[in-house]
Amino acid sequence: MVPLNYYLILSAIVFSIGVVGVLIRRNLIVVLMSIELMLNAVNLTFIAFARHLGSMAGQVAVFFVMAVAAAEAVIGLAIIISVFRQTRTLDPQNMQLLKW
Amino acid sequence: MNAATVIFLILATLLVISSLMVVFLRRVVHCAMALVTALLLIAILFISLQAPMVGVLQVMVYAGAIMVLFLFVIMFLNPGVLEQPSVAWWGLAVVLSVLLGAFLVPLFSQYEPGDNPVTSTELFGSPDVLAKSLFGEFVLPFEIASVLLLVAIIGAVVLAKREHGSDGAA
Amino acid sequence: MVSAEFSTVASDLLRWIPLIPLCATVLNLFWGRAWGNRTAGGLACAAVGASFAIALYLFWQLPANGVLRDPVYTWIESGLFKVNVAFQVDALTAAMLLIVTGIGFLIHIYSLGYMAHDEGFVRFFIYLNLFIFFMLLLVMADNLLLLFVGWEGVGLCSYLLIGFWYRDINNTIAGNKAFIVNRIGDFGFILGIFLLVTGLGRQGVWTLDFLELQKHTELLSPAMIGAITLLLFIGATGKSAQIPLFVWLPDAMAGPTPVSALIHAATMVTAGVYMTARLHFLFVLAPATLSLIAWIGAATAFFAATIALTQNDIKKVLAYSTISQLGYMFLAVGMAAFSAAIFHVFTHAFFKACLFLGSGSVIHALDGEQDMRKMGGLNSRMPTTYWTYLIATLAIAGAPFSAGFFSKDLILWEAFSRGAMILWGIGLITAGLTAFYMFRQLFMVFHGEFRGDDHAKAHLHESPAVMTFPLVILAIGSIFAGWVGAPEYLWGSRWEHWLQPMFGAVAAQESSVSTEVLVTVLTLAVVAVGFYWAYAKYGRAPAKGAPSAAEQGFLYRLSLNKYYIDEIYDYLIVRPFTGCSRFFAEFVDPRVIDGAVNGVAAIARGLSWVWCGLQTGNVQHYATGLLVGTLALLAYFLGQS
Amino acid sequence: MIVDLAIISVKAFLVLFMVLNLAGILGWVERKGSALIQDRIGANRASIFGFAGMGLVNTLIADPLKFLTKEDFIPPAGDKLLHTLAPCMALFPALVTFAVIPFGDVLILGDRVINLQVANLNVGILYVFAMGSLGVYGIVIGAWASNNKFSLLGGVRGSAQMISYEVAMGLSVMGVLMVYSTLDLQEIARDQGMLIRELLPAGAAFLQPVIGWLPAWGVFLQPLAFLLFFTAAVAETKRIPFDLPEGESELVAGYHVEYSGGKFLMFFAGEFAEVVTAAALVTTLFFGGWQVPYLMRDGFHFPWGSIWLLPHLAVVILQVAAFTLKVLFFCWLQILLRWSVPRFRYDQVMRLGWKMMLPLALLNVAVTALIIVAAQ
């Protein structure tokens, strides 16, 4: 029986790694993937707590997170495609028009 | 240190390594594959946490659908150029994230779960139990999620559709 | 000398008198263009006609020294102060009603012909009906505030109608001038009202109703009454074109001639007289104000008459004669002979309207020509206009047994009998001058031979029946309207008896009939002199038209240029004012105010430059900001625990 | 404990052995089938010491030898690791899918009850789909790793096509799941042992003599679902008429242009393994799996009431044989299909998947739900 803390710590680490990806990568696709990673880290905590507290709510929450993640990925990729058509690049640093 | 813990530690190590690969590999496809690996590992963790349904769904939805979509887009755009990392920025971001981890990890490690009402019932996490709570108390969020997905589909079509006149990629 | 209590009779018929023209206005405003000129004009005339019919009916119903009241609803109610929208009709109002609706009706009909070819036809009738509405509001109001509403409304309509042909900048300027000058007067008027309200309110009587006011006049100190009446009279000078605020009226002739006839001769300009008569119970308590009014009236009468002597614009002459006649009326007011004043308003409405409409018919015939030096010998071409014009001229000059004869002599007699010899003398001379300039005009326009070019000569024609019909009616009126107010030694005045209860017994000290007849004869002599002078100068030698200004004396030029009043006002008031405003417009506003505003903006921009650096537009930088915030929160909460 | 592990490993070994050999045999059957349809003598060159008889055995031995002894070419500009990994990713899911496919009812040895199924998951069918969805990675990664325009195009096509048809596939199965109300394949197989008359509501009693005697197989309860599922399964195997990822006429050989030798063999075997998987799934979901009509655990119970008892072992053998036969039949059907119909155009594939099969599957689900509600 693995204690709950292990899962929490693991998810924290994975989450931080995902944050790094979101911050440093200069390729929108990878940024999106890092976001997925963060989401999954959170899912892990949900499932861990669900098991620990013995309530299905956590698993249902994961279910919804998946739905949202799917929608988010689809829309994000669509945006990426249309952006790529305009400016032949995936580098977020070349997409700084929206300011001031 | 029982077998479950050992298996967990192995999975955790693999998971951390693969997620590090997601972030630090330079080729996008490699990142994608690393992410697929991470997702599969997480799915295994789910199953080990008495959530087989969610685990399989994880594989289906993430590994099966979302990541394939990612790969499809990667192939579609096929970005040849590798990105040029700027060291200073990397340093800052990494430091910040490590700080975040340094905040979170001790917080979680000293968290007392209290008495854990372990539910070793066979049914826990099985499809019908999940379905009962999903269509029972969470039916409204479920419907909302369905609407959300519909909106996402339409939005994706509208966004990615190439309006004639402008030449698209691929 | 508070007049006897009135028996008030309620009658909800009153409200329809002003409402019908208003309805016509609204209908024409929305659908007039769609209906076309014929329908719109017909509707307007019918509305005023209906009002006239109701007015006649009420005039019949009106009980001796009784008042018809029609409270519609409560307009303002704050604490004790309460103002109703309520109408009342007493003898005075009834007279004004008949003038406004009757003359207005005729002039409406006349306008059908006069404005027939104008593209602003519908608009014209909208304005005209609106004016009638406000004028009726003015004369039927049962309290000072409602009267003031009408007062301002007629001012607005006058402005709109003077600038009716707004494509010509001069008309617009004239309209503005009239409006601004009236503002000055109205300012005094408002102050008067405020003073009245507060003055009475201090005594615990919060009201503006005329009947209430009449009851409580004794609460006011004489000085207060003096101030109030003075301020109100300033308003009157503005509206009724008395010195010093008469300058707008001559320019107001820029409007269409029916407007000049209706607003600037018959009705609106007499509002001042009406107001003073309506508030007579205040004015009689302020002898100082009364004497001032008398002097200003006499001065205006004489002054305007002298200007009228030399004008060459047919309408300008009439304008100055109007001012002069208004002066007569105020002279009467100053004599506290309110009934005489209203009587002159009554007669003057007829013959002056007739004169204006006649001149309008002439101008119509000469399509727009207003210079009398280009006219002459029209009597053969347009007989109807000529005869009506002649009658009206006789009336205004005061020929025996014409309307003007009775009313003007009444005024002069009032002055004489009150021993105000100087005022009487001025009035006398003015009567002579009136005769002179009116017959001068008659001769220049209708006698001699035509001095215009051949094209205009060919175009000459009598006006259509729709225009001549009102002329005839008014001409008849200008003879017989005066007969209701004949002096005692003739068949006596029913007018006096009728208005007597209104103004209380104005004690005219008894004097022998012989003196009165003597005064009358004297007046007639002066008038005859004036007539003969005009005949000698213009009538007998028609060939040599008007003498040019150059060969005339200084006085002539002075008169021709209206004593340079406009120029004086321009230098004394307008120039400094515009200069001051130019200073504000060109220095204060852009530099100081805008400078302050822009300065604030500039400071904000400067500060924001500092922070713009943070907003790189790069999503990841924003994400970093999020992370930093999260870390801060985490640190805070960890510090808490 | 040890024994359980042993039993599981034995079962796994058996299943893998069966599947892989079946894949090999299918290779020969495909050749023969093509020869048959094209009216020629085919696959008669493989000879052992000049002896070209019994071509099946020859092929079974010769094909792997040939492939394995060929040069394993890796495009220099390609991605070594992924290029090597891709074939495994293609073969792996097809094989592991069998873990949850029951090939028989329980086998009773002494006091030990052995479930004839490698792994009994209560989410079996979902597991199948999950593995099936992983199958696409082999193609995509292989295509990308080859660093070749044609293969890349093949990869793009493959990914899009497989995602599209997974949707239709999953939805078509929904009907079946609703009817048997379980995700467990073994349960589904067992439920198909019933007769329709046991399912008929009282309202539809008049149908008893007509269809009451039929076994409650998926194909009878969900005919439309069967058609849709079978089509989608064929599409998932990326074979004609759905072999757009490798349209040799357009993309040389599509995603495995750059593959040769052992890796190509793995793709090849993977493809046939998928064929077998598809056949097994169709069998399990729609044709009663290991069920033999009227065969209960203790023997035949015919609808006209007569009973023919059989020993347990015979029953088990009958069941496994029935399962195998059914699978073989559907493999043969697919191969027949592959040689008898032309290839779709790409837009046609997409239109079929999204605009015809998806709505039909949805309709099927709706109708099924209505009927179930009405039957209760």
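Order as written gives the chain letters A, B, C and D; numbering starts at 1 within each chain.
The working rule: a contact is a pair of C-beta atoms (placed from the backbone, for glycine too) under 8 Å apart; a residue touches a chain by one contact, two chains touch by 3 or more.
Remember, predicted model here, so these are calculated numbers, not experimental data.
Trainee: Based on mean C-alpha positions, which chain is nearest the centroid of every protein C-alpha shown?
Mentor: A
Trainee: Using C-alpha centroids, which chain lies at the maximum separation from chain D?
Mentor: Computed centres place C farthest from chain D.
Trainee: As a quick test, compute the distance in whole Å between the mean CA positions of chain A and chain C.
Mentor: It comes to 82 Å between the two C-alpha centres.
Trainee: What is the distance in Å between the mean C-alpha positions of chain A and chain D?
Mentor: Taking the average C-alpha coordinate of chain A and of chain D, the gap between them is 34 Å.
Trainee: Where the CA atoms of chain B average out and where those of chain D average out, how many Å apart are those spots?
Mentor: One centre to the other, that is 29 Å.
Trainee: How many angstrom lie between the centres of chain C and chain D, each centre taken as the mean Cα position?
Mentor: Inter-chain centre distance comes to 105 Å.
Trainee: Note the residues in chain D that touch 2 or more other chains, in rising order.
Mentor: As it turns out, chain D has no residue touching two or more other chains.
Trainee: Residues touching two or more other chains, restricted to chain A: which are they?
Mentor: 19, 23-24
Trainee: For chain B, what residues touch not just one other chain but two or more?
Mentor: Correct list: 53, 57, 65, 69, 74, 76, 93, 96-97, 100, 104, 107.
Trainee: For this structure, give each pair of chains that are touching.
Mentor: Contacting pairs: A-B, A-C, B-C, B-D.
Trainee: Once bound in the complex, which stretches of chain D touch chain B?
Mentor: Contacts found on chain D: 79, 82, 121-123, 126-127, 129-130, 132-134, 136-137, 140-141, 143-144, 152, 155-156, 159-160, 162-163, 166, 183.
Trainee: Considering the complex alone, what residue numbers of chain B touch chain C?
Mentor: 92-93, 96-97, 99-100, 103-104, 107
Trainee: If you look only at chain B, which of its residues touch chain A in the complex?
Mentor: Chain B reaches chain A through residues 2, 4-5, 8, 12, 15-16, 19-20, 22-23, 28, 31-32, 35, 38-39, 42, 45-46, 48-51, 53-54, 57-58, 61-62, 65-66, 69-70, 73-74, 76-77, 79, 83-85, 89-90, 93-94, 96-98, 100-101, 104-105, 107-109, 111, 113, 116-119, 124-125, 129-130, 132-134, 138, 141-142, 145, 148-149, 151-153, 155-156, 159-160, 162, 166-169.
Trainee: Flag every residue of chain A that touches chain B in the complex, lowest number first.
Mentor: 1-10, 12-21, 23-27, 29-30, 32-34, 36-37, 40, 43-44, 47-48, 50-54, 56-57, 59-60, 62-64, 66-75, 77-82, 84-85, 88, 90-91
Trainee: Give every residue of chain B touching chain D within the complex, in rising order.
Mentor: 27, 29-30, 33, 36, 52-53, 56-57, 59-60, 63-65, 68-69, 71-72, 74-76, 78, 126-127
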